[in-house]
Amino acid sequence: MEKGLKIVVIGGGSSYTPEIVEGFINNYDRLPVREIWLVDIPQGKWKLDIVGNLAKRMVEKSGLPIQVNLTLDRREALPGADFVSTQMRVGMLEARSWDESIPLKYGIIGQETTGPGGMMKAFRTIPVLLDICRDMEELCPDAWLLNFTNPAGMVTEALSKYSKIKSIGLCNAPIGMHKWLMKEYDAPASSIYMEFVGLNHLHWITQITVNGESKLEELLGSGSGYSAKNVPQLEWNKSFISGLGGVPSYYLKYFYLRDEMLKELQEASKKDGTRAEVVKRVEEELFELYKDPELTEKPKQLEKRGGAYYSEAAVNLMCSLYNDTRDIQTLNVPNNGALDFLPGDACIEVNCIVTKQGPIPVTVKKVPESIKGLICAVKTYEVLAIEAAITGDRSIALQALAHHPLISSVNDAEKMLEEMLEQNKAYLPRFFAVE
Amino acid sequence: MEKGLKIVVIGGGSSYTPEIVEGFINNYDRLPVREIWLVDIPQGKWKLDIVGNLAKRMVEKSGLPIQVNLTLDRREALPGADFVSTQMRVGMLEARSWDESIPLKYGIIGQETTGPGGMMKAFRTIPVLLDICRDMEELCPDAWLLNFTNPAGMVTEALSKYSKIKSIGLCNAPIGMHKWLMKEYDAPASSIYMEFVGLNHLHWITQITVNGESKLEELLGSGSGYSAKNVPQLEWNKSFISGLGGVPSYYLKYFYLRDEMLKELQEASKKDGTRAEVVKRVEEELFELYKDPELTEKPKQLEKRGGAYYSEAAVNLMCSLYNDTRDIQTLNVPNNGALDFLPGDACIEVNCIVTKQGPIPVTVKKVPESIKGLICAVKTYEVLAIEAAITGDRSIALQALAHHPLISSVNDAEKMLEEMLEQNKAYLPRFFAVE
Amino acid sequence: MEKGLKIVVIGGGSSYTPEIVEGFINNYDRLPVREIWLVDIPQGKWKLDIVGNLAKRMVEKSGLPIQVNLTLDRREALPGADFVSTQMRVGMLEARSWDESIPLKYGIIGQETTGPGGMMKAFRTIPVLLDICRDMEELCPDAWLLNFTNPAGMVTEALSKYSKIKSIGLCNAPIGMHKWLMKEYDAPASSIYMEFVGLNHLHWITQITVNGESKLEELLGSGSGYSAKNVPQLEWNKSFISGLGGVPSYYLKYFYLRDEMLKELQEASKKDGTRAEVVKRVEEELFELYKDPELTEKPKQLEKRGGAYYSEAAVNLMCSLYNDTRDIQTLNVPNNGALDFLPGDACIEVNCIVTKQGPIPVTVKKVPESIKGLICAVKTYEVLAIEAAITGDRSIALQALAHHPLISSVNDAEKMLEEMLEQNKAYLPRFFAVE
Amino acid sequence: MEKGLKIVVIGGGSSYTPEIVEGFINNYDRLPVREIWLVDIPQGKWKLDIVGNLAKRMVEKSGLPIQVNLTLDRREALPGADFVSTQMRVGMLEARSWDESIPLKYGIIGQETTGPGGMMKAFRTIPVLLDICRDMEELCPDAWLLNFTNPAGMVTEALSKYSKIKSIGLCNAPIGMHKWLMKEYDAPASSIYMEFVGLNHLHWITQITVNGESKLEELLGSGSGYSAKNVPQLEWNKSFISGLGGVPSYYLKYFYLRDEMLKELQEASKKDGTRAEVVKRVEEELFELYKDPELTEKPKQLEKRGGAYYSEAAVNLMCSLYNDTRDIQTLNVPNNGALDFLPGDACIEVNCIVTKQGPIPVTVKKVPESIKGLICAVKTYEVLAIEAAITGDRSIALQALAHHPLISSVNDAEKMLEEMLEQNKAYLPRFFAVE
């Protein structure tokens, strides 16, 4: 009866693509995909070709009636799409290296998802995603847009404020934590429940149960925790963690251990270059592997890349939306009252039940008093940065930066902003409009 | 490994008891009940004996290792309980008849769960339930209290404000609507999703999907809907319903069709007596049946009683709490932000995910503007009535009544209040304290 | 240095005009008025001529350099205006009589500022006032619009939501209460302080001090209070008032004593006709007096008209705006947090400090719990009725009415609405648009 | 008729006392003071004697019937008091020097009103002020407590949460800004209006009018602004200020120019010692002057001390409370809805109308989006620090510090906290309780 689904992957030449293709293959019984369209830009054609061919080999091996199409024209791909996933990087890894390196010159943390680097990435990305939304409004107005592109929280807030397309932001950190707990407690996925509070890359887990029994105190006491590869592996301060009331995301080290993280980044930058440069090398290796015409499945090496489980998260979400499963997933969505100290339209990262009509945030049992201020402070930055991304207004961009908790001098912020805008000029038409 | 659960049913002599016993038998694999304690008061001993013996016969027939115990002393039953359910009626059906008949004399709707009748029931019930909670704090502090006793929303709010016992309020209207939709659309339970907004006996369903497709407009357009036996079966006004934005609970006829309902109640009262008197006759017939020593299962006739599915709702909730299933159930719980126009501690009736740590309310996608005022107005009454129930303060009781939407004269309210308090004197020690 | 102010009075042919002219004369030192423009519609020309000539005689007698101009074209009057006051009645007293009489047929209170009558007045008035605002946006965009036209709260909310013109709603009830207290306590104006909470014609006074000492308990205990002529003079119920926590506006008798007020209105209607008809007779007498060429001041008889002190309130407000006095006045303005249980853009009636930049609401010390529900319920009606007035959508109009606390049957509401819309057809182009 | 007022000044031996005594003398016609009680602790007796004798000479010269009393026992002074003002420094200037110097060792700003220093001052001060409140509850329960003791915002929040005494927090920054604007615009006090938003020592002025005309853009554009002596005189960044939407308090340089301020403090500390040491020298000079038996008025040199206008602010506030003037003053009071993004009980610094019943906050017209996050972040710190002050819980103290925007490493925070607590041990019985 159902005629099968059409999926469009924007940024389809990404090294992550084999994972999502594997996901579609493995979940075909729940998610009857008929067409996968991998879309990329001309500069990414060589990657699209390599990855696209691997994808075709993977599907062929599976024996499933799925078509894989490659295109450089998203308007060719979008008509009638059911799900559009966006996993592109405007400016590619080169721009990421600017995000990571320029702030270091000013003694400020350079990171591609928060702080000055994250803001630049938002400036580059938001207008492009809104262009995609405008195409979707015309060509597939009922499709779901699943956005993986960082800063995922800010991008999702921008889309929900400036487009009518139904969009959801996704991050792999929650699923990564889930997997980590499964190992830690040798427990199946379904036995674990966590309550997430906060924003994308700024969340705390305020409840963790295994088979319904709370493990929160235990985990806070141990001071250990899950951390992804892309963030320096500093130890948490145990006295601090044990009083915090929630397990912090490893991204919170940028805030709670700012001095130490800055030092680490500065040293790593001298030794290995920025994270962007490290990733570039990993990616090159991956693409070498992907070229192998004998390869018909996702290679193990992909798991070493930062974004583990991204595609699993995406396929899970598509399955739940498609099948109206109403299970709980941690997503980036408008607040809608779940956190009563933030506006209703603020995008937050929080548990949602996923219905066919979309995700609905679950309220949070108890938010530790201690974390509210930091959430508000970063949300203020996000709201201003989104406004700057939309308007191209430098003054608002300066305000955004000046109010980011990682900034400790508006004078430095101003100079750094000028340099970063100039460096990113090619990707920031709204900031460099000819009047 | 798990040693089995202990259940205490307060008001165990109720005619509903065979249903809940049946529920425990049918769900034994999910809910390993070891002991059921049926508790009642001395005046209810004859009912307890009849129902208790039926329960024992039912369990025996099932062959399951469940013990059924009868007692008139709840402190004997409570130690070590896992779940306590309360389904009693302070003042029994006689008091209900006062709730229903005295207001009619003043031209005001007499109903046992809202308006002046509901307030009296709250006055009689809340102090008794708080006494039970105090016993539980001592004897089974970790047990869940599942409260069925009306007015379930107000009782639950009072318990959450004045006791540390974990309590949840339950009503059969949501599950009844669910069953009705299953028939209407010939659909399995799992394919139906509804979003409930409001208070107990004052809810609207603002989203209804079957297999993820919205049926809301269709149902609003048809003007038809689910209605329980205990409420007069007046037709809804179609023009009104189609613009309302949510399917109203049948209890809302008391508000939206107040004049018509009043007339209906007055006529029915002349013809058949009050609903209390009708129920009394039904109950007597049921107890006659229950006496039959050959009867070893819940008789069909029980379904004609108003509280259909109550026990199914209760057993479902216990299963989900016990098994940490995190499925969605419609419950009476503190708001916690789900409805942003009510205080966080206001008890509301809303979808929750049910974890082993308790239910967590889900936010509501979109509350129709039109219904906010009525929700607030009734909540104001509830807050004041709860305060009056706790303090025994007549002045606050008058304020509660004066601000209830069913009251149109504070002069009448004052007179009626005096009469009702006087009539209920035996059950209202807080209002008639010797100074 | 200041070159004098230009005032435009829309509805200048009103019987109230001599009072506002007297106000300008008496306050000339604080408010240097240079031009008064009295504007009316052709049907009101005879009144405009009579009142305008009286105004000219009053100014001449004063010897002040004020010009009085009469016109039937508001666009002639508006350019460069500093203050525009609106005191017109769309549909004149005839439409008021419909507002008051049609509901009575359905057993519902007929009143021109709340309930079905108030809604009709809002439907007739809001579009006309928005037309005036559009002219102001073009011809005097910096002028203040002081709106006296009822329902003043709803009109002000509509203007603040749908126009950029700075507008403030004014009612004479607060100043009337102030004057009444001055007599009651033989105290000068400045020694009295009151805190108003609520909406226009739906306020409570939750603090009353004379020389800083609270008189609230005393006044609540006595049960007496200020009441204007236009509302039936029923006694308050003392038990009720003493527990209410705030002195209610006399308009609240429509809600708290609904049955009694309805009976009173029905009887008065039989005896004297509606209030509209009574006012019509009073007005005719006034205009007879105004015609007298010897009359050069406001006649005493004007005080018997319902709107006592309206003009005093208006002139006070203009003085404070003009002189940046920052004194406290009770005005209808957007909430802005003063009442935390209503949205920020809801228009409320509350104390404000009046600066040259406009009024700023003062927070309310303590809102009695008991009154929140009624405020929310009426605000829901107001929001819906404003939306209906703007869109001409009958379905929304029915929702507005169905959720008004004075309505007790949506069936009756539907029929009454049809009749009232039909009767008001000539004044409701948005509801009777040719498609 | 009025029998005159009794004032108790706790910390009466302060060098500020001559100013407040001068205020009482100059405002005797508005504020009929009969008794002034100067209270100090034994260590302050020598100061109390010097200042007290000067106060007596001043009063004698004035010829007014005011008694000046000196005591080391506040319980002797409090009975029947009308106003109690608190201007003491627990730990005296020595403790201030710890607040200022220890953080510098960790590369963190040392300041006695915010950050780690402010927290220590709160820990020393809050329990002492609550002891005073307990005495007041017994001896003068109706008196107003006017608190000048820093951190004034946190102290006031603690008092409002943990005592029933009516208290108001006062800072001289708002009046200082007012005086500065008077000079800048050569305008009388009454012609200036400002809107303050934020917390004590963390406010922005979002509206400034002179004679009702806005000067905000002008002042934001110029980048100049008022600054008190006790804060390093760094220049603001003009690009930043012009986009900020409000004139920041000079205390905000600690946040917006954190790196620069830290450097400045470190250098000043090397050159002149801490601010505490500078103040100590100024104070010693002042007390030398005060000793002069010929001196009968406040010496000019007092104005060079940081707390200019403190006493003017205090006397103004007493006058307004006593006379129910309802004028507008900028005070530290519970929020009550004025800032809708903070809880109702959060103490904020905001415009209030001052009635005899107390100050009532005025809502804020428009809060710039950019400043909300910083306000929330500092409020989070304040709430936690107050809780730590009350409980003596080190873990909460660490959370407070870890979430303060001036801290960039929880590891450093932990070490610094240990050192500071140890250093302040004598003044922190709650943190060093013998179990």
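First chain written, first letter: the chains are A, B, C and D, and each begins at residue 1.
Everything that follows uses one rule, which is that a contact is a pair of C-beta atoms (placed from the backbone, for glycine too) under 8 Å apart; a residue touches a chain by one contact, two chains touch by 3 or more.
Molecules present, by chain and UniProt name: A, B, C, D = 6-phospho-beta-glucosidase.
Everything quoted here is computed from the prediction, not taken from an experiment.
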Checklist outcome for this item: For chain A and chain C, the touch-path distance in steps comes out at 2
Checklist entry - Centre to centre, by mean C-alpha position, how many angstrom separate chain B and chain D? => result 54
Checklist entry - How many Å are there between the centre of chain C and the centre of chain D, using C-alpha atoms for each centre? => result 44
Item to check | chain B, residues touching no fewer than two other chains | outcome: none
Checklist entry - Could you list each pair of chains that touch, in label order? => result A-B, A-D, B-C, C-D
Checklist entry - chain C touches which residues of chain D in the complex? => result 191, 193, 195, 207, 209, 211-214, 323-324, 326-328, 336-340, 344, 353, 355-358, 360-365
Checklist entry - In their shared complex, at which residues does chain B touch chain C? => result 107, 237, 239-240, 242-244, 256-260, 341, 369-374, 376-381, 383-384, 395-396, 398-400, 402-403, 405, 408-414
